[in-house]
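Think of it as A, B, C and D in the order they're written, each chain with its own count starting at 1.
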């Protein structure tokens, strides 16, 4: 396991709990020491990892997408041998996966991309994984994925004869999505959907909250209890979901959410999802609006807003200037 | 129970199973007979209902929103007596509730609006209910709602001390949202969110599906198995939800969804939610885009599309004419 | 002319320049006096207006839409006689026009609604007017509208045989749009389009401006001169327009637009246009996004933004809190 | 002039009318012959062009963006000499310009990208051009651009002292936007705005048209004359523009626009504009909605629509199946 941040560290621990042996490496020696305390074999460098893994090594990289992942894969490629497997469990762009897999295949090394959902809850609940790579390699890796995945648990089975489902893994919480890149592609769309779902709730609660607004005639205002509303929707309604569960928890703690700034970050997947939609000529108004809402949350006034004011001043003499 | 369609009939049955006595009426005599077979007291007219309910009657109306609900409430108002309660369990517009409640209050009759979610699954799972009305009346009606609601069931409790939650009912699957109209207002926003969530999934699966499109370079295509993807996302991912469960069932039956036309209806709540957003000056890009996607699904080419073609022909000589 | 604000005063002056006689009234005596200095007959009350107009009076109301217009029309209705014409030249909601026209028709009074575009430039350029009312009345009023309208001027004629155009007035800058309400309906959609056009420019210039952003790799940045760009687009490009002319003027004065706050107001027409779209089930994503951009420009962080942060904290431990 | 299609041919003719000498080449010999008839020097191959242009050659390429432009530039690069200038007047992606300019600079060849607006009207009205390249080269090329541009014409001057405008060219209808790539970047955003403007009109006219819809109560319908409305808006209204002029022409010919299919194409610039917005983290809801409306115009029912139907069937038993 290369990269022992929140995700990498937790996954390593879940694997060890499941009986797997882990060689652990991170630039941060403290992180390595902690995981060694929990039973991992500490490594001090990639060369050391190489030596300790031996033949048929499985390199699992769990680093932030971008330059650091790219460089690490290059460094490993220089040390890996035929029969090794390099797994990128981060949030890489799927076209990078396709490129890397091609390059590594020439060395006889397999590249596997794993899109992972589950966040901070994954160590306990298990990780939902979407995997790209060759089927032969997945067969070899299945015991690892089975340990990381949530398994069937107490989630009800979809009642079907599954004529169109092909992958036995799906019910255990992971799938072989396709060739290299397909794992991160499916995870990317997953995150695109996530943005859309979150924004749908966000707008709905905003409308509920603003129903007390003094912009409304007094006899049309309601002072609604959002905490109760989130709670009741969890129980029997069409919009129950895990994101709603999390919203209910947050609102129960503080219905005003005062501790949150409202400047919302976005990672690459939202943007890449829209890129993919455009490449495929698929209209994706909701997913795009959700992404743009995040951009907008981080800007007090856009330059475009000012141009609107300038035009309004130009044709109507409307004054929208700072007081 | 006035109105014994799919919703009304099932709710009456759940109530009877829970030990409540039901006087049942519908214009459709066959529906009344069926419910009587299941134990209800059959009524042949609203006058007959009046007689059979006696004093302190609780009139539960479960009819399509609009003219028929309006007329039925007017007819009942003429027969109801002080101390009666009129409940509209349909999907009325909340401003109609406010108006009706005021009118009935002058007769000493209470009006209660119940927004109900749960659909065809409600009889078994219980109904999630958002209720507007006076607290005193709700206290009287609580036994009815407790029977209809799902109760705590096996849904995990939100871990909190609930400083901001006020309504004990929320954990049982119903809430007192506020004065008359508040129930349907919350239900309306619920449906607005529902549209947004559904469209987020719809766009995501569209992007996955179209990844096999021949609009893409051949080495960038993936032929993804949507059935497996929906299934795996149900297990440990951030976007798990009941709507995803339903999607997984539908895809498992037929991954091509050939039996569905793709012309998607919308009921009033989506539109009213946007109206509310505009009245409150709340930006609701996602909920609106979701609503408009439904309008668009029912139109092959808009007139606006043709005007675009006409302009393109005008400035660029581009020809977009039927072959 | 009842109401001598910027619009009413300028229109009265253009009419007087065109040889029309004006009885002028406003609550603000100073405004009346000024117009009287320019040649109008001053009136001190609506009764005084009544007397000075004599039989077959034409009451032109030029007041802010809403309560004040409504009350003034009611007051005039009480004084008006059969054969009079009441003109609402403001921005009333077209359904109010339909209602008022019906009520006044019972008194034998004609109601005419005039949607007026032209803003502060109208006195000099002429006003573009969309008119609802009976054709017989319009024939009587045509000399007034001809004076107010820009006329053919130096705008090129649309080269056609006009098989589908019916109204000779269109080329002079006003039309008989239909029965009462139709004038304001067309003006309402005009303003909806205006919002869309403005936002298209706003977003485009925002993208140009942000191309110098340090979010981009250094070798992909351009420091573009927006003043020159707006100017060049006025000359031969597909997107030349009067709004672009105004943008070019504003940017030429100050390319940073520092004097504008960027909090952009919206009047009722944008919202009503979306209402109309929803009533007709017409998807109007662009016009809606333009309206919502204005709402958003006036809010630093929505409650929805905070909920997004709260969910992100919930599933990923992401911290988006004020520093 | 390499590429004698509608754009290239017309530009060559405008240049010759302006006294410039043109060597003309196209794979289509007929196109070359026609231009030679109009006074151009015919070339039979790129080698022949090379020879006929002599030293300090200016290669103007006017071909569809993509592979053919790329290959042609490569072929020219192999033949061009130090001091030559290669101009790409098509709609290339600006990042391709940056790359090409770097490569050619190593050979001492200048690369200039010219974004051109004007369409089929450009030969007569002149072309609006946004140019990227080194200032020294532009100075050499200015006589060419001056001939192609519309010049000041009868378009009113923006009344300013131009403290923020730097480029004398802007008033003549072309600008030096910045280094290589900047020309096509500005043109790209121009087209993004164009999509937004067009869609704003399209939605507005759709709302006007659908006001006669039988979805509305009969007394709220208006049967509006779109031809007259487009015409009147050209005269004194805030939304007058060249695109509106074109709309007025199209509607005057046939108010029903029956000859247009309503399947609307999009070229790359719309998509690239959204890419740029996302790279800069600029919300661009209107421009995106405009692009997606075009995608949607070409699809009868999306897969996402079917999934919506499937979910609705799942939770509510709603049947949306083909009859």
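Throughout what follows, contacts are C-beta pairs under 8 Å (C-beta built on N, C-alpha and C of every residue); 3 or more make two chains touch, one makes a residue touch a chain.
Chains and their UniProt names: A, B, C, D = Decarboxylating 6-phosphogluconate dehydrogenase.
Here the structure is a predicted model, which means the values were calculated and not measured.
Superposing the C-alpha atoms of chain B on chain D takes a rotation of how many degrees, nearest 5?
In degrees, rounded to 5: 180.
Measuring between Cα centroids, which chain is at the maximum distance from chain C?
A
Quick one: report the Å distance separating chain A from chain C, using the average Cα coordinate of each chain.
The separation of the two C-alpha centroids amounts to 46 Å.
If you average the CA atoms of chain A and of chain D, how far apart do the two points sit, in angstrom?
So the centroids are 38 Å from each other.
Can you compute the centre-to-centre distance for chain C and chain D, using the mean CA position of each chain? Integer Å is fine.
31
What positions in chain A touch 2 or more of the other chains?
119, 199, 201, 203, 206, 210, 238, 242-243, 249, 251, 281-285, 289, 292-293, 296, 302, 304, 315
Assign the assembly's chain-to-chain touch graph to one of these shapes: line, ring, star, complete, other.
complete
Within the complex, which stretch of chain D touches chain A?
238, 271, 274-275, 278, 281-285, 288-289, 291-293, 295-296, 298-299, 302, 304, 315
Help me check something: in the complex, which residues belonging to chain C touch chain A?
So the residues of chain C touching chain A come out as 6, 119-121, 198-199, 201-203, 205-206, 209-210, 242-243, 246-247, 249-251, 257, 259-265, 285, 289, 293-294, 296-297, 300-318, 320-322.
Flag every residue of chain B that touches chain A in the complex, lowest number first.
95, 98, 117-119, 122, 125-130, 149-150, 152-153, 155-156, 158-167, 169-175, 177-179, 181-182, 185-186, 189-190, 192-197, 199-201, 203-204, 206-208, 210-211, 213, 215-216, 219-220, 222-229, 231-245, 248-249, 251-255, 273, 276-277, 279-287, 289-290, 292-293
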